[in-house]
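My questions will all concern the structure given below.
Chain lettering (A, B, C, D, E and F) follows the sequence in which the chains are written, and residue indices restart at 1 in each chain.
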Amino acid sequence: MGKIIAFGEMLMCLSSQGHSRLKQTKSLDIDFGGAEANVAVSLAQFGEKVSFVTRLPENDMADRAMMSLKSFGVEVDHVQWGGDRLGLYYFENGAVYRGSKVIYDRTNSSMYTIKPGEINWQEVFKGASWFHWTGITPALSENAYLVTLEALQAAREMGLTISGDYNYRNNLWQWGKSAEEVMPELLSYCDIMSGVHPDVDVVQEKVGDEQFRLAGNEMMARYPHCKLVVFTSRGSVSASHNTWQGILYDGIEVFRSAAYNLTHIVDRVGTGDSFMAALIYGLRNYESKQEAVEFATAASTIKHFILGDQNVCTVAEAEALMKGNKNGLISR
Amino acid sequence: MGKIIAFGEMLMCLSSQGHSRLKQTKSLDIDFGGAEANVAVSLAQFGEKVSFVTRLPENDMADRAMMSLKSFGVEVDHVQWGGDRLGLYYFENGAVYRGSKVIYDRTNSSMYTIKPGEINWQEVFKGASWFHWTGITPALSENAYLVTLEALQAAREMGLTISGDYNYRNNLWQWGKSAEEVMPELLSYCDIMSGVHPDVDVVQEKVGDEQFRLAGNEMMARYPHCKLVVFTSRGSVSASHNTWQGILYDGIEVFRSAAYNLTHIVDRVGTGDSFMAALIYGLRNYESKQEAVEFATAASTIKHFILGDQNVCTVAEAEALMKGNKNGLISR
Amino acid sequence: MGKIIAFGEMLMCLSSQGHSRLKQTKSLDIDFGGAEANVAVSLAQFGEKVSFVTRLPENDMADRAMMSLKSFGVEVDHVQWGGDRLGLYYFENGAVYRGSKVIYDRTNSSMYTIKPGEINWQEVFKGASWFHWTGITPALSENAYLVTLEALQAAREMGLTISGDYNYRNNLWQWGKSAEEVMPELLSYCDIMSGVHPDVDVVQEKVGDEQFRLAGNEMMARYPHCKLVVFTSRGSVSASHNTWQGILYDGIEVFRSAAYNLTHIVDRVGTGDSFMAALIYGLRNYESKQEAVEFATAASTIKHFILGDQNVCTVAEAEALMKGNKNGLISR
Amino acid sequence: MGKIIAFGEMLMCLSSQGHSRLKQTKSLDIDFGGAEANVAVSLAQFGEKVSFVTRLPENDMADRAMMSLKSFGVEVDHVQWGGDRLGLYYFENGAVYRGSKVIYDRTNSSMYTIKPGEINWQEVFKGASWFHWTGITPALSENAYLVTLEALQAAREMGLTISGDYNYRNNLWQWGKSAEEVMPELLSYCDIMSGVHPDVDVVQEKVGDEQFRLAGNEMMARYPHCKLVVFTSRGSVSASHNTWQGILYDGIEVFRSAAYNLTHIVDRVGTGDSFMAALIYGLRNYESKQEAVEFATAASTIKHFILGDQNVCTVAEAEALMKGNKNGLISR
Amino acid sequence: MGKIIAFGEMLMCLSSQGHSRLKQTKSLDIDFGGAEANVAVSLAQFGEKVSFVTRLPENDMADRAMMSLKSFGVEVDHVQWGGDRLGLYYFENGAVYRGSKVIYDRTNSSMYTIKPGEINWQEVFKGASWFHWTGITPALSENAYLVTLEALQAAREMGLTISGDYNYRNNLWQWGKSAEEVMPELLSYCDIMSGVHPDVDVVQEKVGDEQFRLAGNEMMARYPHCKLVVFTSRGSVSASHNTWQGILYDGIEVFRSAAYNLTHIVDRVGTGDSFMAALIYGLRNYESKQEAVEFATAASTIKHFILGDQNVCTVAEAEALMKGNKNGLISR
Amino acid sequence: MGKIIAFGEMLMCLSSQGHSRLKQTKSLDIDFGGAEANVAVSLAQFGEKVSFVTRLPENDMADRAMMSLKSFGVEVDHVQWGGDRLGLYYFENGAVYRGSKVIYDRTNSSMYTIKPGEINWQEVFKGASWFHWTGITPALSENAYLVTLEALQAAREMGLTISGDYNYRNNLWQWGKSAEEVMPELLSYCDIMSGVHPDVDVVQEKVGDEQFRLAGNEMMARYPHCKLVVFTSRGSVSASHNTWQGILYDGIEVFRSAAYNLTHIVDRVGTGDSFMAALIYGLRNYESKQEAVEFATAASTIKHFILGDQNVCTVAEAEALMKGNKNGLISR
């Protein structure tokens, strides 16, 4: 199995501590995130060989972003240096009726000002067999969209498996075109993609396999390359209490993981990314799609109880939850 | 609409961090509170023009109390400087079967030693249309009681709406007279007052409108100025889990807000004050009493998930909960 | 009533803060623990005269361990100084599906290298009426086992009441003999011992008195000195939510405490020790076994909501829960 | 005496703690600065009536900037809301041979995108008698330059005293014109301005009055409105040890303050601003220029021993140093 | 040698961190002090048997004060419980031209309201051979003065050596009589007392033996019991840089210790107390007065580089400085 | 130029914060060190390709040690996993007359129990041209000594340049042989080695070139492979104030760097390692020995003002000091 390539923006996350609001905190904890970097970090911790491609400015804070990736074992040989700033966001963690809050300050980051042709994708994809991207990158700027397109074309030509996460963010897409205009072309390159969850409140009502099948078939009809549609089914009781289940549809069968009752959530940010990372690992390392979705849901369940964007979690920890006892005994 | 005046003692709150007990912590976080200051701060954040009247000693810690009020936009032009000390309390936050703990060290504070005549209430109330006080101030000392009485007489004369919160604290009232002897006279000036909740465990049993009507009628019979009785109905499952609902009675109708299930409480202190502040805002800014009580309950619900005495919360945030989705999604 | 003697290893606990994992934290909080030291500290806080016997190296970190014991009022006159290191463990607190994690680094601590004859047990037990030990000490090394045996023989000879907690830890017992080979001889000295809980998932199924009676009778048959078998019945819904009940069996009657629903656990470590300490206190200070077990369960319930190994809790606090209101109101 | 108006960009300062480098710290302390805001905050603490004019985006971090100004008593009625982001900088404090480090991330802040005509200077200057600006604002963008020009023209017309601090920053001035092209016109409006220090290493060599007179005369020749030239004379032994003296030249006489030996510097940032603020206060409140410069140097000396951009220092504290004992006894 | 008894008020010290001012800090570090408690803690660390006598209220913060004493091994059997509050002070550490600042909030503490007859001094002094007090206690209230007098009379009768530290604090002595009226009687009981330093700036000028002899003779003439006068000679270059030397005069000879150049002071508070404690230890444990004063100066020199009121320092550490290398190598 | 290989033990450093003593701190900051790892980290930051060889246990704390190395870009492909524990030490930073303190707890670490033959040095040295070791490794255990010997033999055979740092630590060398018995054989493999500084107090007296030449010649006579002797000349005024200079002797000429006056030291630990790393970089990257020693002294001078074992410093920063202004201006 070849290397995995992930491409996207890396962000510095500045968060208030514990339950403090951004308006109250005296200091901000530093962490790093970004949907695609989260996937890369998770996969590297699972033991996969991963290279993360992004563009960063030359300063100490971007050096720290690199140091963070390297500490997890993510390869950074193809990172481009240039541009003016590291994108960042401020984060406060919510509780029950006070939702979590993200304030972005990412405009004009080095990824916004990346230029087509700057990345030699043929070089990047040498020895690689998988490419992962999300809808956040083309949302940043026209250039970021064009570089994503370059990457997808090269990946397709060179025969990599392509996974894409739609990851729609309303407050992005300011550069002139809408997601609706841009995404279909990009998604048409994907082998695996996140699906649009049936419009059902899963706390109130159980979603049947048939509904996922319908949604999946619609995707597959629209994007003929697509071989697997991925759903995460979240029921939101409150900011502190969710339910969680993963679903795969391969055009034939619907695979549902165990459903988890997430009663005292620690940090929800990055849980979708942790699911996607663990699914990629699962599809590459287990024999069945059922095991893959079980692993993805177990690993991303654990992420809900870990601070920060990244799922600081090993294969052994996720498998222990996936396979066994689910009542959180002390390990000593 | 004129300015709102709040009068009372401002306290420094020194609290242990997170779940640490006072006996365990290496340092104490500094915050400021006091029932009436909490109301003032909340109203200022809601955009109301508020002036807080108190008495403070001349030292750095009292300066900080002032800086805290000013940072929220509360006016402090009528604060009196004098006396020996800033009252304070130590606080540890409880969990489930370990209740929260407050240790007061407020005796002989500058508010205890305030003197009748020191505050020119005619000056203070110029341009004001609302006066808010609580039963904590007359409990401190005979002088504090006399100054409260001065304020109420002046407010009544100058035609302000008067709201009073009984706020009975057992460990106060050491100066010679009991609450029972003193409060009726003071309450008789009020247009709006907190009511005595029917003696029912609301976790076990639903309290019907009739019970609130009875309790309200009793208040109104006793205090003929009273036009509105305010109830907060708390069910205490544990220190970490309460239920919460606001109720108004205007002599004719009982208005009940939505009931909230507060499953992972962050900090209960100041929730009653946040309710009163939001109710004052609601009565002044919404057309109906129903909206006012809904806003008050929503805003004070959010306070349960915010650290510190003060409800660091905007109108927009409280309205988002009041009007819409109650499941704590991430706002980004 | 004479003094209580507890004997065992004292450990430094280095823990990550809040929900941070050991892999994430920038600093480690210092605390001290060890099953027997936890019992000693709890009893000293309850007002009992307690002396803790252990062996510690001569360095600043061991001095701190001593300072911690002394600050709680535990006597340390019989502590031996010698050996090379203070045993320690790293701790991260879990949540829901992520269990708590303990990484021991205690091998070759000063307690491992204690030598038979080093402690003058006749001197230690002067004026004492109770001796407490656990199965952790004989698990450390052959010498630690031999010194435990010395202590038990001396205690028996001198007529002390002996309580023992089996406290089986899989990762200990590396010195050549297994728990099965060693423990029966040691347990045969005990008047009071922890019992093996019936093999039942108490979340799913209620355990009847009869089952405890059976388990207790089995212990008593095997260890004829045993007059009281102690059970703690934990149901594990998740790492954050357990149920908790204490049970005593005296060969005739089964005494069950109230059952507690521990919905938002703060720290589970040391809860068993806090139960044992409170039980010893209860047996010495209440008239009935029922009260003793109620006190033990109430005190150890509170421990679940206190950070650290030690139950920083007074008799008054435990009795307030035991006797009264269980819904965690604010105490002010 | 009328109000003082200060105009400029407000920045969030994110700094590592103590001696940690930005590459090492786990969290960043939040503070606020900006040359003109520092002047405003200092003057407000000295008891002057000050209004700060700037442009800020609508988000929580900018709200905090406002809260910080308000807490010190600075008026914020003329702050404009709009634009996309709050400018910020990262800061690490140096020591001896490791200089302090500032990484700016301010491009495209709300002050960069301010528009001519947006601020009604006639309104702003009502009741004001002093206007303070620095060369940082026109360096940001053409629009920021144009708005500065508007302000200066209005201030001149309305008869305010104008003070300007050149404050040249090499890494700004990216918008097309250089400082040399733009500043002379702006400086020509000033009554009081910072002078170019004679090119002498003051650690090695004493600078005579004649040299300041020469430098001052040159300024006055070039800018005929200028009535007072202000010099700060810093000798840099190391990042931790400087010497410090203030000098005024009014066209006739050179006024030199006492010289201070700053042997264990805590934080050098904002010391120039603290000097300028205290000088403005001094010129308005003392009878002689000698007293004004003594006060300015004493106040800014204290700033070297205070963390953060702002000089958290009262008139009493600065006067105690100015007039008396300079050996740092404990005040109790 | 018998036990040492120290009597005085114990205070909680709440301090800002590092170089933060009280107006800036988000939290306050908790420590405990008080001149006499500092002496007791230091002596206990040196291995002396010490009992501290004070009066404390019954609450968690006072419990912590006790825990702190006990952790250092100070005996607390004669502590009286009663009264309303634990005295406290706020502290910010200065640097160079910004002096340290202490804000007391101790009025009406439990020591203020102590009553004559409350302490059974005959019981307290059983087995004791030394009594230490300071001029702070009689400064608090008339009752505190009377209890000090009781103690001195009993100590004299029972033949203890009495050491007294004048410790004049301007802001105390509010109860009606001045230090000048009260202290001579109390000092007349002392065998050892702190002397009034010759009025000389020791940075500028060397103080000769003759000057100390003169000052000492004056004391001895006035207080015939006095056998030893103790001087500490501090030169104050700045808040961060002092010089330090101890001097004894026994009526015959002047003993001067080595003089220390304290170039980067960490915390000056409690250095006088640490000198007095080490002197008491020195007089009891060394053969010569020269050694005693060398030890006292060395131990108190180390205190200047330790945070908090208490000298966390062993005999071995102080002797290493006293006897040997004074250039601060790493000990590993 | 080939890769650099460094071999040695990696230690976790647990330190108290700021000026707190180990006996005072509530938490310990986590960092990583070890003489050879410090050299590797420094070289990687300078842009050299470095691989660090060590042996580590399989647990989270050792994972963190790895993550730390990887974050700086050090290669860890040849790290051996096995053994029981990660060596650690406790550290408190001194000031002036209170020296820094290190308490080791490293016995029986995974490096102590490494076995000869475990590391395939032929594999490790592929593509490498430089090997660095220190006298700490053979001091740990006989096996660690034997593995060092294996490494030196292989490095010599494969033609690498070998640098060795004597680094004598008194408290190591417990395994049966002394440094004097073991080191000469190991040193005989070195091309470059640290020299024994002439026995002179450099604060009092200048050491002439002749003295270094004598010392160097003695080394070279004893170890014929040695081509370069390295001296660091430290004058210790106090724990906070040292002088610092580097000296090289190549058998012909003595090269002395500029001498630095280190007046407010932040952290002295690891400064010798930072010198050695920078010297290796200098010898590989500059044309002259003079430049190499200037770079080494400049880089290690900066380390004195950086917290932690590792010199978080770039080539650009060290060169800026080496070449230019030495007075610590703010870089913005």
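For this structure, a couple of remarks:
Assume a contact is a pair of C-beta atoms (placed from the backbone, for glycine too) under 8 Å apart; a residue touches a chain by one contact, two chains touch by 3 or more.
No experiment lies behind these values; they were computed from the predicted model shown.
Following the contact convention of this document, B, C, D, F is the list of chains adjacent to both chain A and chain E. Annotation: the chain D:chain F pair of sequence copies touches via predominantly different residues, less than half of the used numbers being shared.
Between chain A and chain B the CA-based rotation angle works out to 120°, given as a multiple of 5. Of the pairs listed in A-F, C-E or A-B, the one whose interface repeats that of B-C, with over half of its contact pairs matching by residue number, is A-B. Relative to the C-alpha centre of chain C, the farthest chain centre belongs to D. Chain D has its Cα centroid 62 Å from the Cα centroid of chain C.
Each chain gets a centre from the mean of its Cα atoms; for chain B and chain E, those two points are 45 Å apart. Averaged C-alpha coordinates put the centre of chain B at 41 Å from the centre of chain D.
Touching of two or more other chains is recorded for residues 18, 21, 23, 26, 67, 101, 103, 264 of chain E.
Put simply, chain D touches chain E in their complex at residues 18, 260, 262-264, 266-267, 301-302, 304-308, 312, 317, 321, 326-332. Residues of chain C touching chain F in their complex: 14, 17, 21-23, 25-30, 59-61, 63-64, 67, 84-86, 90, 101, 103, 105, 107-108. By the touch criterion stated above, chain F contacts chain A in their complex at residues 67-68, 70-73. Chain contact summary for the complex, chain E toward chain D: residues 18-21, 23-24, 89, 94-104, 169, 171, 203, 236-241, 264, 268-269.
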